[in-house]
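Shared chain: subunit A. Partners: subunit B in the first complex, subunit C in the second.
So, the complex of A and B:
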């Protein structure tokens, strides 16, 4: 089956694709939590810069897709800077539309924005390098997540990918009949979509059960390995981040 | 399935008592909160036995299957009495998951019956859950895929497969653990003709492996294929409208006992069985059958002549549309059709067309069928003609048509049937009158205050048709209007469309059912290979083997046979409509639609 097996940690994948998903989840959480205590702009900028370099070097994202993936985080960051700049107390740098922009406000806003960019780039790199199946298999094995939740989540992921098409069909059906005001109609379409999703979920739950999910101890066909390389990876990431915190 | 070397050996009978039966039910009965139910069932199924469960819509066939593997009462709530044992296990005391080593299940909807993102994982899943060693799984997965005719799908992602392919993956997943009992709940309900054939062949292969199976299926003519009754399981169990066992035995005996009732109740039967019930002979070439078909066709022809006489005499034909001008056609010129649900094209990504260069004209009063493979762009073509999707190239000219979608649930957005039909109409007495009229015409008056989502499949489809008809558009487009309906529902839906054409509308519908197409369409548009392959009459299509092969269409045996002797499309049409008349004649309650 090796010729047809698409999943399982790929020995030929990029550096980040070959890493254990549970280790990646743990590092992602650690980085996100650490930034909660950081307001130093240069530290955050260094970490974000390293995140970008790391994402480009260890995933298949490429510069164009990475820039596009930044768009929502940049928009969020701009909002953070704008709000904080005019709401923090302190001596005014300039006055815009009758509101005082303060140095402290700009600094806090920029720090929060960089925090969003950093968490964003790390998350994007994680998603781009981790197939859902590997994540779930690894979490059940290395993080003791119950298979009942893990496989229910995988099935839910499959249903989600089918939703855009269903949504388009429902909206098309409304458009054909020349419906009323846009907002209430969209609301009704959401109800229609959800009714279908709930019914589908019931059937999928029965399918999972009738295949024996939760019947007892289970085996795993293609194990997602946890190796010394994952340990090295974790040490390198925390080491680099620690060095930046210490010296930047 | 022991000979296949899958994970577990087949459990045969009850190891504790030595009872050779695989399934034993005693006074088994389920009643839902709504009052509907099934039973009492007293069934004994031997290891390896092939059973077909049939009965009219709403007779509880799926409920019976759910009872056999404990989905009722463990997962689906119902009041259950009596006893059921499978391979010696008391199903009422065994969770559904704990029967997975002896029972494999294939559900109706392949979209929700397949759970995981990758085909191989899906097939391995049951074995993993049973704790099978990985070396066993290595062998069992390709073997199960082979058995289900899905070897070539190994390594694919499940979200890129068609319904027929998905259903074969679901079948492979159900047989991977080598179950002694296979439960199949209308496994072909969502498939086109090619999908039906592939699933039937896969089920037959699995059966030869030694597993017993219980198949619920109502599209028996399509499922049986050219083999007719002989292509179906040997033992038939018939449920009546109240969910009780009406007949149980070898197919020939059951047909003799209950065949007439089944046909009168709207069940599809293999064509040989249908002819036997109607004319007393299963042979298409026998004098009785030829005379019977000719007689009914004659009456259809007389009715049509009478209708055209009346239309010619009256100033405007009775029921003709007001406001529909002569020659107001719907026309597509050089249309490139984008797939429905694809992202809007941008300059960077111009969008891929699923159909290119479509030229098509729909005239008032004609019934045009669009046929072709699943995924060939039929639905997207209808959406583009209806103005829902802008074409990638080309233009659509003419008045905006109405469109009935394939899955009626996608169209339902209101809380009552009445509100659903009135949606999109300006409020006022005119709307109330139009809605009342539509309710009446489609037999929905008694259901007017019901929640649309709680209707049966056939009722939902009538509702979706009523909700479009009420807009009084000059042309009507319908996507698979007969899909999943029983025999009566199919005839009623096809005749409702034909009636719209007689009233002066242009009707265009997609279908995979060439019997309905040949019986009601005046023209057929064939799509395949991303373009319009032909625009012909049905009689020409079913005789053109090269065209049928190119479009991957299968013509039912009955249509093929009648087309050989019929001089043209009109004769073929009247003969097939005559057979529909004969079936409706068996039942006084049939034919709810005008």
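So, the complex of A and C:
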């Protein structure tokens, strides 16, 4: 799990921590959607570079944590380059292990890899600046997400944070009993994890119902604001991205 | 007005909503763990890693059939898959980004379709296999567009491998998983338990 969860928010946080989570979700979706149509390496490289600078300037992520957080996205990108280089038609640049590496294949693979890096850096910045509670409160107020789903998701998120530890405990218990073949044992561990989660869900539903969730309009204690600064932020980000698309 | 309200399908009980969300979160976590293994595989196997990854694709289809089989209400599978994607994208981080939500919705629609055609009353092996095949086929079209697979040498091979994986891992394995959960008694309080005539809370000795 990427260790990028912020410790708190937020009026006094960094620039990105102070921004409204719904606005950040919308921008993240816009970036992801735009990259779907991008295969120009220089544009993607510029956007990724700006994403890195933006993440360093507006979050508490240092260079080291940002590099580490890139690891899964780099691995994903290496796979994309490797397979696309040898499966795209075109004149061969070089032959490796009997497979033709084509220029078109390398270009598409590199573009897809850069796309993954760009989405990765934006996602990491989002995760580092957005506590789940603020995200859910904002989505219920500004994106009209049903509180029944939002609070259930928040409760389940608490389970999520404990899940790696639960998984390790189950696997350790299996090891103590003397484990059999790895795959069936992992399957049993999944069933155990699910059973624990389902029983937890029943208890959570009872607790939420006893607190009147879904019985009428709700108020929240710490309101997540949506201000003119969020509008300026959205305009600046889309403006900069638009300028790169136009001129790079 | 009152007639319209009367016709509207009753909304999901909070217990079902929480279970659906929980299944989405658990599978979101398991999918994320799978992605790390998937990435490792791609780096280790080089160009062959991509096809090897397709073999595992069906595992990403598990949330929908499990949620549908336990709760047995329309759209439960689609929502569970989308929630799993939300967890991957917004809580854990995914290289695919928010477009994963579109892929998840397509997976959910494909996986739920065979159960919807059976009006959520039939849960045999063939139905699960069809669920896995439909889920894999539907998401294949989207992935082929996103990753520009059209016109490449391996398009047909990718489709066949992904559908086969969907049938085995996303369909038949889901049936095995649902049966295993039912045997534990953890889902007795839900529609699956009621369909099997189980009285929730009543102690029954279970013989393996």
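Here is the rule we use: the second predicted complex is superposed on the first by the 239 of 248 C-alpha atoms of A that agree within 3 Å, B and C clash if a C-alpha of one lies under 4 Å from a C-alpha of the other, contacts with A are read in each partner's own complex, and residues count from 1 in each chain.
In this section, a contact is a pair of C-beta atoms (placed from the backbone, for glycine too) under 8 Å apart; a residue touches a chain by one contact, two chains touch by 3 or more.
Since we're looking at a predicted model, the values are computed, not measured.
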| item | value |
| --- | --- |
| Contacts of A:208 with subunit B and subunit C, given as first, second, both or neither | both |
| Contacts of A:157 with subunit B and subunit C, given as first, second, both or neither | both |
| Which superposed partner A:191 touches (first subunit B, second subunit C, both, neither) | both |
| Which of subunit B and subunit C A:178 touches, first, second, both or neither | first |
| Contacts of A:132 with subunit B and subunit C, given as first, second, both or neither | both |
| Contacts of A:168 with subunit B and subunit C, given as first, second, both or neither | first |
| Which of subunit B and subunit C A:216 touches, first, second, both or neither | first |
| Touched partner set for A:239, first subunit B, second subunit C, both or neither | neither |
| Subunit A positions touched by subunit B in one structure and by subunit C in the second | 1, 4, 132, 155, 157, 159, 191, 195, 200-201, 204-206, 208-209, 213-214 |
| Subunit A to subunit C touching residues, read off their complex | 1-2, 4, 25, 28-29, 31-33, 35-36, 39, 69, 72-73, 75-80, 82-83, 85-89, 99, 108, 112, 116, 119-120, 122-124, 126-127, 130, 132, 135, 148-149, 152-153, 155-157, 159-160, 163, 190-191, 193-195, 197-202, 204-206, 208-209, 213-214 |
| Complex contacts: residues of subunit C adjacent to subunit A | 14-15, 17-19, 21-26, 28-30, 32, 35-36, 39-40, 42-43, 46-47, 49-51, 53, 83, 86-87, 89-99, 146-148, 151-154, 177, 180-181, 184, 186-187, 189 |
| Residues of subunit B that touch subunit A when the two form their complex | 69, 71, 75-76, 95-101, 103-105, 107, 109, 111-118, 120-121, 124-134, 137-138, 141-142, 154-159, 170, 173-174, 177, 340-341, 383, 386-389, 402-403, 405, 407, 409-414, 423-424, 453, 467-468, 471 |
| Subunit B contact footprint on subunit A (complex, rising order) | 1, 3-7, 131-133, 147, 151, 154-155, 157-159, 161-162, 164-166, 168-170, 172-180, 185, 188-189, 191-192, 195-196, 200-201, 203-223 |
